Amino acid sequence: MGNTFGHLFRITTFGESHGGGVGVVIDGCPPQLEITAEEIQFELDRRRPGQSKITTPRKEADTCEILSGVFEGKTLGTPISILVRNKDTRPQDYDEMAVKYRPSHADATYDAKYGIRNWQGGGRSSARETIGRVAAGAIAKKILRQVANVEVISYVKRIKDLEGIVDPNTVTLEQVESNIVRCPDEECANRMIELIEQTGRQGDSIGGVVECVARNVPKGLGEPVFDKLEADLAKAVMSLPASKGFEIGSGFAGTLLTGIEHNDEFYIDENGEIRTVTNRSGGIQGGISNGENIILRVAFKPTATIRKEQKTVTREGEETLLAAKGRHDPCVLSRAVPMVEAMVALVLCDHLLRHHGQCQVL
Amino acid sequence: MGNTFGHLFRITTFGESHGGGVGVVIDGCPPQLEITAEEIQFELDRRRPGQSKITTPRKEADTCEILSGVFEGKTLGTPISILVRNKDTRPQDYDEMAVKYRPSHADATYDAKYGIRNWQGGGRSSARETIGRVAAGAIAKKILRQVANVEVISYVKRIKDLEGIVDPNTVTLEQVESNIVRCPDEECANRMIELIEQTGRQGDSIGGVVECVARNVPKGLGEPVFDKLEADLAKAVMSLPASKGFEIGSGFAGTLLTGIEHNDEFYIDENGEIRTVTNRSGGIQGGISNGENIILRVAFKPTATIRKEQKTVTREGEETLLAAKGRHDPCVLSRAVPMVEAMVALVLCDHLLRHHGQCQVL
Amino acid sequence: MGNTFGHLFRITTFGESHGGGVGVVIDGCPPQLEITAEEIQFELDRRRPGQSKITTPRKEADTCEILSGVFEGKTLGTPISILVRNKDTRPQDYDEMAVKYRPSHADATYDAKYGIRNWQGGGRSSARETIGRVAAGAIAKKILRQVANVEVISYVKRIKDLEGIVDPNTVTLEQVESNIVRCPDEECANRMIELIEQTGRQGDSIGGVVECVARNVPKGLGEPVFDKLEADLAKAVMSLPASKGFEIGSGFAGTLLTGIEHNDEFYIDENGEIRTVTNRSGGIQGGISNGENIILRVAFKPTATIRKEQKTVTREGEETLLAAKGRHDPCVLSRAVPMVEAMVALVLCDHLLRHHGQCQVL
Amino acid sequence: MGNTFGHLFRITTFGESHGGGVGVVIDGCPPQLEITAEEIQFELDRRRPGQSKITTPRKEADTCEILSGVFEGKTLGTPISILVRNKDTRPQDYDEMAVKYRPSHADATYDAKYGIRNWQGGGRSSARETIGRVAAGAIAKKILRQVANVEVISYVKRIKDLEGIVDPNTVTLEQVESNIVRCPDEECANRMIELIEQTGRQGDSIGGVVECVARNVPKGLGEPVFDKLEADLAKAVMSLPASKGFEIGSGFAGTLLTGIEHNDEFYIDENGEIRTVTNRSGGIQGGISNGENIILRVAFKPTATIRKEQKTVTREGEETLLAAKGRHDPCVLSRAVPMVEAMVALVLCDHLLRHHGQCQVL
């Protein structure tokens, strides 16, 4: 029962890596929004495996079909259902995984919980599940842009120990998309790509940090005390596969400062608006957006599925060895970028609708 | 509408720092659980300001009353309502805050969202709101202990740059409670206390990191894909006042390892159970508990309210200066320990009930 | 976990007939609404036992206290908690009920579900639980009136076979309150009162039908397909104690008409508004309000607790006889009137906020 | 945001009468349940238009495809997505409805709420939306049967003023399916069929009452005070198109009895079980199932779409006349039977899982 996310802008995803397909039902989308399958496809293509030499070579076309909720190019206010058929299944690559648990993957825990598991390629725990999220995120981003010119932009901040220098206040989508690793620090990006390729050749994997900024977020979003904006954002991104950490604004580093060093002093800007001089709060104070840029970071561990041999056990409880066959993804960070964007957009859109109501917002 | 947390074990908190009182309604508590006001009071006393020389000197007795849901010492399965009356109000300390916004506090955002605010002591954004959480957490911890012998233990891991050495696999409540800063590394604790006192004398504040371990958690808790256990834990603790970051298991540091270094290899233990050699996953894989210890960390920024003078603005939009009067809390970390424990216990208890049902679990 | 109702305007009730008290937490109330304890008390007094000679003689003062969420006479946008202390307990009246189940009461099912029960006066299944609903309903009614001049008026339509003649389109609160049975057909009301008194003297009880009208409801409220307005209204009133049936508009009688007889033809009124000539739809079409008066009816069975002797069983499974001691309520209909009003107001207010958002509605 | 129903067994439906298709996502289905597309298709065929001479002649094959959640014939515990493609569209039949509102249909209210509407055949308000419900209901019924041998059986009780004589305690699915109107009183069924055919020839429509019984329901289901079993059942069936009334047990007629006449006396049966002599409560007391048969009735108004000419208005606000072209359904009752069964099964299954947990119930 954990496959629904959001309150007023609410998505339900479905689908395993193998089977009929994966997708999403979006409930609560404002009516009369212009949306096309192409706009959704654009984001899916950013998420797609095989999009560049540094991702898994699986060729998933991931073509989406809008099944409902859109009529003559406009949303109806009814549920939007989007389906992406599964293709390119190579179950033989997964034969061994039917009996052997991949270390640090969800194989063993799914079996412990459900007593059954689609062992073909990860089943429900596959990153393929995020297709539904990214498709819904494309719509959320459009609503945010249209209602309040909100921009949500993510990028790779760090791969292993290679950290890019990026200004979240000015970075553009074009800069992010200018290289295949999606780190808008060109020099660092090149070194990242090199490291990923080298790691892939070794059959190993690496992780890193994705940073995300949301600009022009209206003041007043967030519902204390449990649905604080940072709490919902944390849940959103920590529900992504492989995420291990979340921070907002100053984050863990902020704990090294004193109060007088950390506090964001207020001033009145040229438009008479209350603003903060610094932004260690990351755009949220007391769980509510304050109009400054929302800035957060997500830690992604190195991918669990690797070609190196590891000790593991079988379903039947015998110790054995496993080295993943076929294709593996040495680093998911470049593909995690649109996923983080989607989750952040979904949270902001849900809170925007809580504030304005579904049919009043546009 | 953000004042309810949980699905089957569901709490709703209420109350501002000033007014009639604060409290909680707990819905879904299993029937026939033995519980007394004293057991709840024990946890409230750990949260209470004025409990030691390093916390705010406010003397809040915080005596709880169980209004409903318990009959002849046992829970009825009906909502348990717990009330703590407000006392010791010194509104004159807050006069200035009626017009001036405290930097990095929730004053300005509450005003932006609601257009009104109880300016006496933080209102709803006061840490006093966590009384309801801690009271509910006391019950959740009892259920967890009784059903599966689950232990949830938090402690101060770091204050500013002073980091204690603690083994989460063996630490005990007694060790945590053995000093007033709740860092079970005695030598480090003494330095932390000294730093807090010195900071308090300067009218400044400091933050740090609370670590939490949950031991004996049954396998199979967590609901992919959005209500993954780590996602719900992240939301839970990121809804606490002053939290800026969350990590589970290897967290941000895990991103510096490669897959082969990070993966937790499986083995079969002496009882025939599937176990992991290492625990970089922090007890959760694919969003589901795997039976290993759940280990997480929460970053708390330095308290916003300080006695040092800062630039700020008034409600009317004029720039001014503010130095908080009266009492201030130089470091909330020791009091955050029972809050983190409570939130983690609430999440685990909710997922336990999702797994077993309210009336079947005990 | 069934003690919360509503999505954006969300109430959680707590409390048993005996114990500390009963009450409600209201989450999502718009900020800056002027509200006083007196306004809430007015509705509680209409619900109170002992208010007239035809209700149970229990003297419950039912004085409410607002614990939170209101500051200087205005709502804060934070949870409003309202408490009514329990008094006048005569547990000796209930001694027998500790062991014997009252027929058609909730005693046996609570024991079957929870294995424990507060046997003093019905515990959680007591009509006393509705105090929280009526208190919250008072606030919902005020919001509805203020936002859109919506009036919610209920009255006794029928007691046993005595049916009043009332025009829902013009009936006023004053007319409803003009007699103690709350049937705004004076002549019929007198016969109802006589019948209730006679039934009470016999130790028996009677039921009937409450009708409710909501006028000036804006077009567009209701969320197809599951949260249709009539579906939420049905759930709301069917959650009241002793309710056995619900109908909207033409209801069961409408099934005797043909389509051409039943359909509400459209016309354009003098303001250019689309209206219907008749109102067999009861103000809702396709789950969405159409601007006509919402009219519904609720069937209440005769009260289960009677002084006449009945066959029953004990907790230990032995057959026995039971005649309730002390006070009994021969007819709850007059007191059900404010309960139905409250539930209808809560549903409408929730849907109003879904449409407009909490902070935008006033 | 009203397209999701249920808490632990939770369905989300999607789709309009025209467009890609309609369907459902079922979240929370217990793992390892054997289920086939054929079992679901069986129920869809009972719901399908064109199944007999008394329903609309539209030939909808309504073939379902399971997209996810089932692997090698067994459920995975992950979301089950079921899709039925739309076919046989005759948009020319609906041209007039693009501009003219059908009286007592949802055309006008959808336009008022969303400002846009799929005017081809009712869009989201079409009975076609119930395909998703009926598909999910097929799975819910299987779970109920498997866990506790619960049987859910509906039938036509009354068409206009023709009322069948049926014993809910003994009626079988075979008897219900023995005639096309699904009234297991053969003699009455024949008269009903005749009346429907005659009404259809006149271009008019008729309604009636569907009765539903659930047998072998375990004691203890239902969550007071708002999620009482009868409250959830009422919401479930009142969310079906064209429903105008709901009653449980004695219903509206029960209000004509006195307490001593209405109360269900208890006795101990031959197995030592607490039972009731009569069943005016309809299997639920205090919101919780008591082990007796759950019996409820739903009133369905005559279908709104008729071929007779009626006064109406256009979107542009001009008065006009409308007579529906093409096919119309003179009576939906026989097709409403599987819909009511599905909704009742969904509620019972949800409460069963609340009681036992998703993964523990089978």
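For reference, chains read A, B, C and D in written order, and residue numbers begin at 1 within each chain.
Operating definition for what follows: a contact is a pair of C-beta atoms (placed from the backbone, for glycine too) under 8 Å apart; a residue touches a chain by one contact, two chains touch by 3 or more.
If you want to know which protein each chain is, UniProt gives these names: A, B, C, D = Chorismate synthase.
What you see is a predicted model; the values in this text were computed from it and never measured.
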Farthest chain from chain C (Chorismate synthase) by C-alpha centroid distance is chain A
Comparing B-C with A-B, the busier interface by C-beta pairs is A-B
The distance between the C-alpha centres of chain B (Chorismate synthase) and chain D (Chorismate synthase), rounded to whole Å, is 45
For the pair chain A (Chorismate synthase) and chain B (Chorismate synthase), the C-alpha centroid-to-centroid distance in angstrom is 27
Separation of the C-alpha centres, chain B (Chorismate synthase) versus chain C (Chorismate synthase), in whole Å, is 38
Among all residues of chain A (Chorismate synthase), those touching at least two other chains are 1-4, 7-8, 13, 78, 113, 124, 220, 224, 354, 358-359
Seen from chain D (Chorismate synthase), its contact residues with chain A (Chorismate synthase) in the complex are 1-4, 7-10, 12-16, 19-23, 25, 27-28, 31-32, 65-71, 74-81, 83, 113-118, 123-124, 358-359
Listed in rising order, chain A (Chorismate synthase) residues that touch chain B (Chorismate synthase) in their complex are 1-5, 7, 13, 101, 103-110, 112-113, 124-125, 129, 158, 160-161, 199, 204-209, 219-220, 222-228, 230-236, 238-239, 241, 243-252, 254-268, 272, 274, 276-277, 280-282, 284-291, 299-304, 306, 308, 310-313, 317-319, 354
The residues of chain C (Chorismate synthase) that touch chain A (Chorismate synthase) in their complex are 7-8, 78, 220, 224, 353-360
